[in-house]
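Should a chain be cited, it is by its letter among A, B, C and D, assigned in written order, with residues numbered from 1 in that chain.
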């Protein structure tokens, strides 16, 4: 593993602020790390924790959630719900051994193309530092790696 | 063919509660005997695996299979009974979603074995551990090999129906037995393959008599710390993490009715992808603050979120196991 | 609550001894416990930071490190001297801001087997402690000899309210805390707009003319507004205005006789201590006249013109503080 | 997962755009096309094409042709941001008979070719994004836009010039308007001004006719001394509750003769209309031309309400219109659209203690000066010091007070430069005093504004470029005795200067209304972090908001001068009339729905909706969503513990499939 690890990150944006921030970054030709692949939602409040879990279970190394700044939500206050869910989800994922650092909540207004790209670059580095997650694809593939693990520590000689 | 249809029941990694639940159907058990020939039921009658192997494939009409896939013996029996049965029912929480044994998926196998063989509750001064093989004059003895993570029945073999609950409610079992008998007598149709039987489609709240309001939670507390618990008000609204809102109905809200929070043994509601995620989002959504610090403070009230939200469903959740359980060492 | 880690600083033992003496009296009355930092050293005053950064910060941080070691539960360091206060709070803040600086300073401290984690202590000025911890109500309740009739000019100098890292003061330009405190003592506090102007600092040594002009401005304004006495919270201010007043007079051919004392000295008097006990007599410009005012019936202050039915001229807009007071009143009313 | 085995249920066409070379320069467009063709057949991709400009009519025809000939049931276009061309391609598909919501656009320009450089990496990312959208679109459903009827009445909140303009436009268009104003009279800030820049025509002279027209218009119901207390409903169908505060004056009987005002024995400082510079009676109309001209009784200050005696007004009223027992009135009105023209608050200069406002007598706020220079103001137009007599000989005017200052407001208040120039002119005209203007930058962008600036220069006003540090009354030299000294760094000379003056006029900035946030909540719109209301689009849609049917005009969305406010009032009115004339309005069908069999009535979702679209049906023990109120944010969907709520356009199935797609090995 000499070449540097390129994390795969799924990003969820709201339709009104952060997705437009990405548009703005594009229009302004701001260059940033290509590791994040965005999925557009109407609002960060739409973000169902299942989406984040699904992303990790399907091979993502990190997940970025982005929405309008607190107080600026186009649906008045829904980004606060996103904030609450994000905080509880991180605690829950920690129980699975998924570092809280693999999920990031970013506020970016439609005008903040630059901020969004900076946040993305920073997050990519943070996840790179955490290393690959590669969660097992349980179906089929799982059997293989289980057999590797199988004849297990039970064969310990009595002390 | 006047012979009675054959019935089997087997337990893999489970506590035996499911069997007791079946016996709790009281007289109904006589109908089973009247309508079926019980060919294999380790807890109730003597029969050897060889007898089952000897049976014709598909010769058993109905097998109620409880318990999770903890080791290769469990898996072997799952494959065997799948071959031999027309209708294989994942019976009870362990077989459908892993249940309590599934919680071991959060830690490495070694830890589980240590817990079993070296904690204070175990009298094992010489720290003796089981060995997979052991030589005796008669030859080599082997014991089953543990899987690194516990699997549900459906993760190993094709399952026809799922019957949740830890254990399934006896009334529900009776109803299912009735149904199968009716089907045998040609009086009824089986539900589509893969459906959940012996349970509702909504969640526990649907059957819960407690009054409920718009929810706003400013503190989570353990039920014993809420004194007195309002007997008529939604338990979650009183700050006690009750899994009822996300848990499949069918138990007639047994626990909330008697003043205990639902712990989720009936698993996710129809069509839900990840049970725990539903609780995460539901609880978080009604936290009464927009201030990160304050929110964190409130969330401190749930000391073990993973355990709280995946108590029964872990092995069947999208992530299925904690990193430490499957990650290769070094 | 009333326990503080106490950093006196050099002036409290020298030029500002009156400050020290009066503080000792006042703290007793108010039941404050001051735990002096053992083996504290000079804070570097106002120049050192400007000349060589790391050594200067290290010098300051040593005190913080010691303080942190010597804390018994309590985490608040109190400094009566403005310069000391500002240096300590600045070091703490900047070490936290810049990891580099923090690292270098701790390297230096390590040589002496010391270490300081920025942010682990709260550093506050005496005035802030009186206002926000002790509280005006308590102070009022201890007043036995109100300073009725004494016209006082409240002067903070520049270092306490700026930059005010802890946001303890009501304003950067016109903070009213000292006014409120002196009013609580019964004194007749004049509107003194130069509260936070510079006293000249060390200009008195390196560029006297500049300093004289600044001193003249401060003193003359107090004089023009019929102040009997000027009150300060800072040893350096006190020193400059008091010690250099004669020079200033001879430089401008004026004859100001404005006594400059520490606020704690007046607190002492109001609490019933005798003048000597709280360091009176140490000031160079005598405070005799001013003291004479207290107790003896003072001439009624220029009474404001009787309110005529027909309002005179145009009404004034309310100031920030009148508004604040009004708002607080409203809340009080509301709560009733 | 295992859908490769099943035969795909949809026929999908994928179209990759070169956008000239905007995309193809960085993304291997053909590569993407071939990859999709090869790897996504199992998902139903039957055709993948690339084209130079998909958005061109030829590009669109390409899609339409395939839909017709290959019977495509889904379309994916990989090109620019959906915010640019989603509509274009959906319309194209619709023309070919495919429901528009079965077409999806993937942004491989804004999100890839414009922001990445490595061709291989960019192409790989393009493949995964397209794969995601292909898997997503399979789960798209055909949707129909919702249609709701429009109530032809309109509510305009705020009786300033913007609100008046909006109301008149709509009323003249033949539709009814309720014009609600918090103060006793229409007019707003403009009524307080003396002259208006740059033409210097008298503010009252141009405003009064409009106020009168609004006040007498058959299609306008003017409700002054009134506030909106509740709003419910949605575009086309709002029901609004308005509190008409008690005037203690019976409007049927009152003739507006003004005798009560004359006879009232008590005077109080008028800190609203006279900006605290003058006095008014306790029963009063804010100014002579007030519309309506019924007086208002200031109950908290009224001697009768304090002591139970006096009643002078009642005694002398010729028509017995005074009614001390009058109660607040609650009115309910039904409207289809709402225009908020709630204006601004003046920055409170006393917060800038270094300028001494409130401490130094002769420091005036801009509104104080407006009133002073107004011939109907407290000084009858005489410009004098606080003593009420002395004329100033030198006057300093300070720009950007509370604006362009990170301690207070970052924004430029837009009107202050011109306002200050106007002040300079008025001071010279009335007093011939020497006038200094202290500015950071001079901003005179609009029509004939800069000419006005030149004129003021020619009039001999002295311009000093620099932000004033302090205004002090402490002299340093004899010349400064008894003066206000303005301490400033003259950035053109590069020197600190101290300029003694007799009077200082602060050009206060404009701030959002103190209660903007609450009002926003009331109407279901939001403020940006600086407190102004957010427009749907700052450039292309400045008078509408994210909430359908709620429009904004004038300073509610940011500082504006009179012409800009008037144009916005008119623009908002035009938008409203366009909606009214359509008779019904189409709403995006992105909506949440609840499966009542699955819903257990746990009520977790009940407070998720800021648009109160979610209602709990007590007797059935289930929750429902009102599709017309629903704005489609999806927060309730994500909240439902039973998975009983689903959302069109962004369903779980769509998003989960998209995740599978973008994480496909490429």
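By definition in this document, contacts are C-beta pairs under 8 Å (C-beta built on N, C-alpha and C of every residue); 3 or more make two chains touch, one makes a residue touch a chain.
Quick caveat: nothing in here was measured; it's all calculated off a predicted structure.
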| item | value |
| --- | --- |
| Result of counting contacting C-beta pairs for B-D and A-D, higher pair | A-D |
| Remotest chain, chain A as reference, centres from CA atoms | C |
| Chain A-chain D separation of Cα centroids, rounded to whole Å | 34 |
| Separation of chain B from chain D, taking each centre as the mean of its C-alpha atoms, in whole Å | 55 |
| Chain B and chain C, separation of their C-alpha mean positions in angstrom | 70 |
| Approximate Å spacing (C-alpha centroids) for the pair chain A, chain B | 31 |
| Per-residue multi-chain contacts in chain A, two or more chains | 48-50, 54, 77, 81, 85 |
| For chain D, residues that touch 2 or more chains besides their own | 608, 635, 638-639, 652, 656 |
| Touch-based graph of the chains, sorted into line, ring, star, complete or other | other |
| Chain pairs that touch, as defined at the top of this document | A-B, A-D, B-D, C-D |
| Contacting residues of chain B [partner chain D, same complex] | 201-206, 208, 212-216, 234, 236, 244-246, 249, 268-273, 278-279, 281-282, 285-286 |
| Interface residues, chain A side, partner chain B - complex | 48-50, 53-54, 56-57, 70, 77, 80-81, 83-85, 87-89, 91-92, 94-98, 133, 135-136, 138, 145-146, 148-159 |
| In the complex, chain B residues that touch chain A | 106, 109-110, 113, 126-133, 143, 145-149, 155, 273-274, 276-278, 280-281, 283-285, 287, 289-290, 292, 295-296, 299, 302, 304-307, 309-310, 317-324, 326-328 |
| Complex contacts: residues of chain D adjacent to chain B | 597-608, 616, 621, 635, 638-644, 652, 656 |
| Residues of chain D defined as touching chain C within the complex | 267, 269, 276-279, 350-351, 353-354, 356-359, 361, 365, 368, 378-379, 384, 386-389, 470, 472-474, 476 |
